[in-house]
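Okay, structure first, notes after.
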Amino acid sequence: MRNKLRLIVEDNTSHLGRIFDYFIQTLILLSLIAFSIETLPNNSLETKNILSLIEITCVSIFSVEYILRIFVAKKPLQYIFSFYGIIDLLAILPFYLRAAIDLRALRAFRIFRIFRALKLIRYNRALRRFHIAAKIVKEEIVLFFIVTGILIFLTASGIYFFENEAQPDVFSSIFSSFWWAIVTLTTVGYGDIVPITLGGKIFTFFVLIIGIGVVTVPAGLVATALTKARVLEEEEINKKAPHKVQGR
Amino acid sequence: MRNKLRLIVEDNTSHLGRIFDYFIQTLILLSLIAFSIETLPNNSLETKNILSLIEITCVSIFSVEYILRIFVAKKPLQYIFSFYGIIDLLAILPFYLRAAIDLRALRAFRIFRIFRALKLIRYNRALRRFHIAAKIVKEEIVLFFIVTGILIFLTASGIYFFENEAQPDVFSSIFSSFWWAIVTLTTVGYGDIVPITLGGKIFTFFVLIIGIGVVTVPAGLVATALTKARVLEEEEINKKAPHKVQGR
Amino acid sequence: MRNKLRLIVEDNTSHLGRIFDYFIQTLILLSLIAFSIETLPNNSLETKNILSLIEITCVSIFSVEYILRIFVAKKPLQYIFSFYGIIDLLAILPFYLRAAIDLRALRAFRIFRIFRALKLIRYNRALRRFHIAAKIVKEEIVLFFIVTGILIFLTASGIYFFENEAQPDVFSSIFSSFWWAIVTLTTVGYGDIVPITLGGKIFTFFVLIIGIGVVTVPAGLVATALTKARVLEEEEINKKAPHKVQGR
Amino acid sequence: MRNKLRLIVEDNTSHLGRIFDYFIQTLILLSLIAFSIETLPNNSLETKNILSLIEITCVSIFSVEYILRIFVAKKPLQYIFSFYGIIDLLAILPFYLRAAIDLRALRAFRIFRIFRALKLIRYNRALRRFHIAAKIVKEEIVLFFIVTGILIFLTASGIYFFENEAQPDVFSSIFSSFWWAIVTLTTVGYGDIVPITLGGKIFTFFVLIIGIGVVTVPAGLVATALTKARVLEEEEINKKAPHKVQGR
C-alpha cells in the first residue's frame, strides 16, 4: 500500500499521480489567490469568513499531503530537510503557530511549491541545460557581480560628494546614494532622486556610458551559455546514438 | 472567371494581384489613420463628415473584398475560420452592428491585416526562421515565464509587507504591489510608486540585482535562437545542393 | 600639382594627408563646441564676438576645403552628390544663406564629417563587418520593425480606450497615447503619463511582458550577426591564405 | 627572510599567504564600511571616536603593508608605479595629508584593492578571457562609442531646437539637452526633463526607435565575444593536449 501511495504522491507519470498533482497545484494557486485577496483593505466580514475557510481547507489538505510525503518517502529525514520538504513545511507551519507568532507573510513562499509542476521530462532537460549554462559562465558571472558591486559603491560615493551639499536631504549619506546608484545603473530611473548639480550630472553621464554595459552583459552571457549548453547536449545525444546523425 | 479572380485576390506575384494588394493595403492604412483622427477631441463637423465618408468607403470595399475572398477560396469555410478570415470579418462587422452595439474599438484590429503584406517569399523564409527559433527555445521561454511569474508574485508580496504600513494608500494590497513589481522588473520605472522605507529600498536593491537578469535573458535567447535557425536553414540548403558549398 | 593636392586632401596615409586630416577634424570639433556654447543663454558680447570669429574662420577654411575637394576629385560631380559631398556643403551653406534664411540648426550636421576619421583600414574592416551583419539580419530587422509598429499602434489604441475617460487631458487621443506607448515599450518610462485605471494597469502589465522582448531582440540580433560576420571574414582570409591556418 | 615575507605578502597559495590576504581584505571592507558610516549625518561623538580609531588602525596596517610590499618586491620601483602600487598609496596618503588638504573622498578608491582577491587561478583565466574578448570586439566597441557620441550630440541639438522655446528654463542650452539625451538613450528616463511640444515628442519617438538599438548592442557584443574567447581557450587547451579531446 505504501508503494501504491508513493506512485500517486511522488510519481506524476501515472494517471492517479497526475490527478493528485493537478489537485495540489490548483489548491496552491487557490490559497495564493486567497492570500492576495486577504491583503485588500475593506474586505467584508463575509469575504473574510470565506477566505478563512479556504485557508483552513488548504492547510488541512497540505498537512495530510505533508504527512503522506514523509510516510511514502524512502528516506523520510532526507525529504524533511530537502528544499521541497522545507517549503512544504513552511506552507503549513504559519497556520499552526498563528496563536504564538505572526508568520502569515511566509505563506507567500507557497509559490515555490509551483516548481514541482516542472518535474516533467522536457522541463527536466531544460533545467539541466540551465545547470550546464550556469557552470559555463559561473566565473564570468561572479566577476561581473564583483565589478557591479565595486561600480555601485564608487557610483554611490561619487554622487554623494557631488550632490550632498546641494541636496542634503536626498543624498544624506552614502547609504542613501546607494539607492540612487542601483536605480540608475539598472536603468529603472524612478526619478524620485535626481542629481541637480553640474558636477553630479557630468558624473552620471560617464557612469551611465560605462555602467549600462557592465550591468546588462550578464544577461547576454546567460543567453549565449544556454545556447552553448544546448549544443553540448545535442553533441552528447549524437555521441550516444551516432547513427542518428546520418539519418537526421 | 473564378480562377482569374483568385489570381488577383489571393496571389500577389501577378501584376494585377500586386495592384490589388497595394490598393487594399493603402485602404487599411487610410482607415487606421481615419480611426486615429476620430479619437481627437474637438473635431469639426466637416472633419467628422469626411471621416465618416472614408469609413463607409473602406467598409464597403472591405465587404466586397471579404465576399470575393469567400467566393474564390477553394475551401470557403476554412478561409472563414482561419486567422485572416476572422480578422477580415472583424474589420467590417463593427460597422454593420453599430446600431446595436458599440464595437468601434475593434477597428484597431484592422492593423493585423497589414501582416498580409509579408506574404512575399523572403519574409516567408524569415517567418519560418522565427518558427524554428521559437521551437528551439520554447522550453526555456516557458521556464523563464514561470520564473518571471513567481518572481513578480514574490516581489509584490515582499514590497507589500515592507511598504504597506508606510504608504497604505499606494501599496494598499498585493494587487497594487503587482503594478509596482512589473514596472520595476521591466526597468520602466515610471516613478508613480516608489518604496520609501529602508526595508523596502534594501528589498528593491536585491530584487533589481537578481530580477533584471531574469527578465532580459529571454530576448537574448530569442536572438541567439534566430541565429541558430539561420545556420540550420543554410545547412539544409547545402544538403539539398551540396555542389554549391564548393563553389561558394 | 592636382595629384599632389589629392594625396593631401583625399589620402590619410601620407604624412601631409594625416596632418591635413587632424587639422580639419580639430576644426570640426572646435566649430561644434562653438555651436554648443552659442546656445547658452546670457552669453556676454565678448563671448559672442569670439564665437562669431571662430565660426567665420571655420566656414572659410571649410569652404576652401570644399573647393579643393571638388578640384582634386577625379569625378567632381560624383563627389558633390555623394554623402560626404552633401555633408560638406551643409557645413558651410547655412553661413552664406544666413541673411536670407535661418538654417543655423543645420550646423549640427557637421558632426557627420567626423565619420571621415574612420577611413583608417582597421575601421574600414569593422564597417564592412557591419555591412555584412546588416545584410544577414536585414529581413529579421524589417520584420521586427513592422511588428514593433503594429505593437505600438495596438498599445496606443488599447490604452486610449482604457484611460481616455479617466484622464481625458492626458490620453486625449490615440496620437497622445503613441507618446506613452513608445516611452513605455522602450522602458524609458518618464512617468509624465501613467495609467491610473485598473483596466489600463492590467493592459500595461501584459503589454510589458510581451513588448519588452519584441523591442530588445533586434539589438541581440545585431550583436550575434556581427559575431557571425567576423567568422565569415576569418573564413575568407583563411581561404585566401590557407597555409596560415596551420601556422596560427 | 625577505623571501619568506614575499611568500606571505605576494603569494596567496601558501597557508600563511592566504591568512594574510583574508586579513587585509577584511580590513579593506571594514575601512570602507567605516567610511560609509562616517557620511551619515548626526553621528554621535562616540561613533565618531570609534570610526576615527578604525581609520587610524586601518591606515597603520595598510602603511606597514605598503612598506612590506616595497621591501619584498623584486623591482620596488615597478611596484610603486604599478596600478596596485598607486592604489595602495592612495589608500593611505589622504590620512597623512589630512592636515594640509582634504582628500578624504579618495578613500573610496580603496575598493580597487578588492581586485587583489581575484588573483586566484580560475579568475585569472576568466580575466584572460575578458582580455581576449576585449581584443576581439575592440574596433566594434570604438565604432559604437563614436556613433553613440554622434547620436547624443545630434539628439541634444535636435531636442534643443524643438523644446528651447517652449521650456527655456529646462532646455536652456545644448549642454542641458545633453543631460536629457543621455538619460533618454540609456532608457533611464528619470522624468525630470520631458519634451512637451508635438515636434519634440515626434523627434523623441524616432530617436528612441533608432537609439535604443545603438546603445544596447555593445553589451550583446561583449557577451558573444566572451563566449568566443572561451571557445578559443578550449581550442588552445585541446591543441596542447590533443589526446584529451578523444577521451573527453
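The letters A, B, C and D name the chains in turn, as written, and every chain counts its residues from 1.
Going forward, contacts are C-beta pairs under 8 Å (C-beta built on N, C-alpha and C of every residue); 3 or more make two chains touch, one makes a residue touch a chain.
Computed from a prediction, not measured in an experiment: that's the story for all the values here.
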item	value
Chain pair among A-D, A-C or B-D whose interface repeats that of C-D, sharing over half of the contact pairs by residue number	A-D
B-D against A-B, pair bridged by the larger set of C-beta contacts	A-B
Distance-maximising chain from chain B - centres being C-alpha averages	D
Same-residue or different-residue interface between chain B and chain C, half as cut-off	different
Rigid-body rotation angle, chain D and chain A, from Cα fit (steps of 5°)	90
Rounded Å distance between chain A and chain B, as computed from the means of their C-alpha atoms	29
Euclidean distance of C-alpha centroids - chain B vs chain D, Å	40
Multi-partner residues of chain B (at least 2 other chains)	187-191, 216, 219-220, 223-224
Complex contact set, residues of chain B against chain A	136, 139-140, 142-143, 146, 150, 153-154, 157-158, 160-161, 164, 168, 172-175, 184, 187-191, 194, 201, 204-205, 208-209, 212-213, 216-217, 219-221, 223-225, 228
Chain A-facing residues of chain D, complex	32, 35-36, 39-41, 105, 108-109, 111-112, 114-115, 117-118, 122-123, 125-127, 129-130, 148, 178-179, 182-183, 186-192, 215-216, 218-220, 222-224, 226-227, 230
Residues of chain B that touch chain D when the two form their complex	187-191, 220, 223
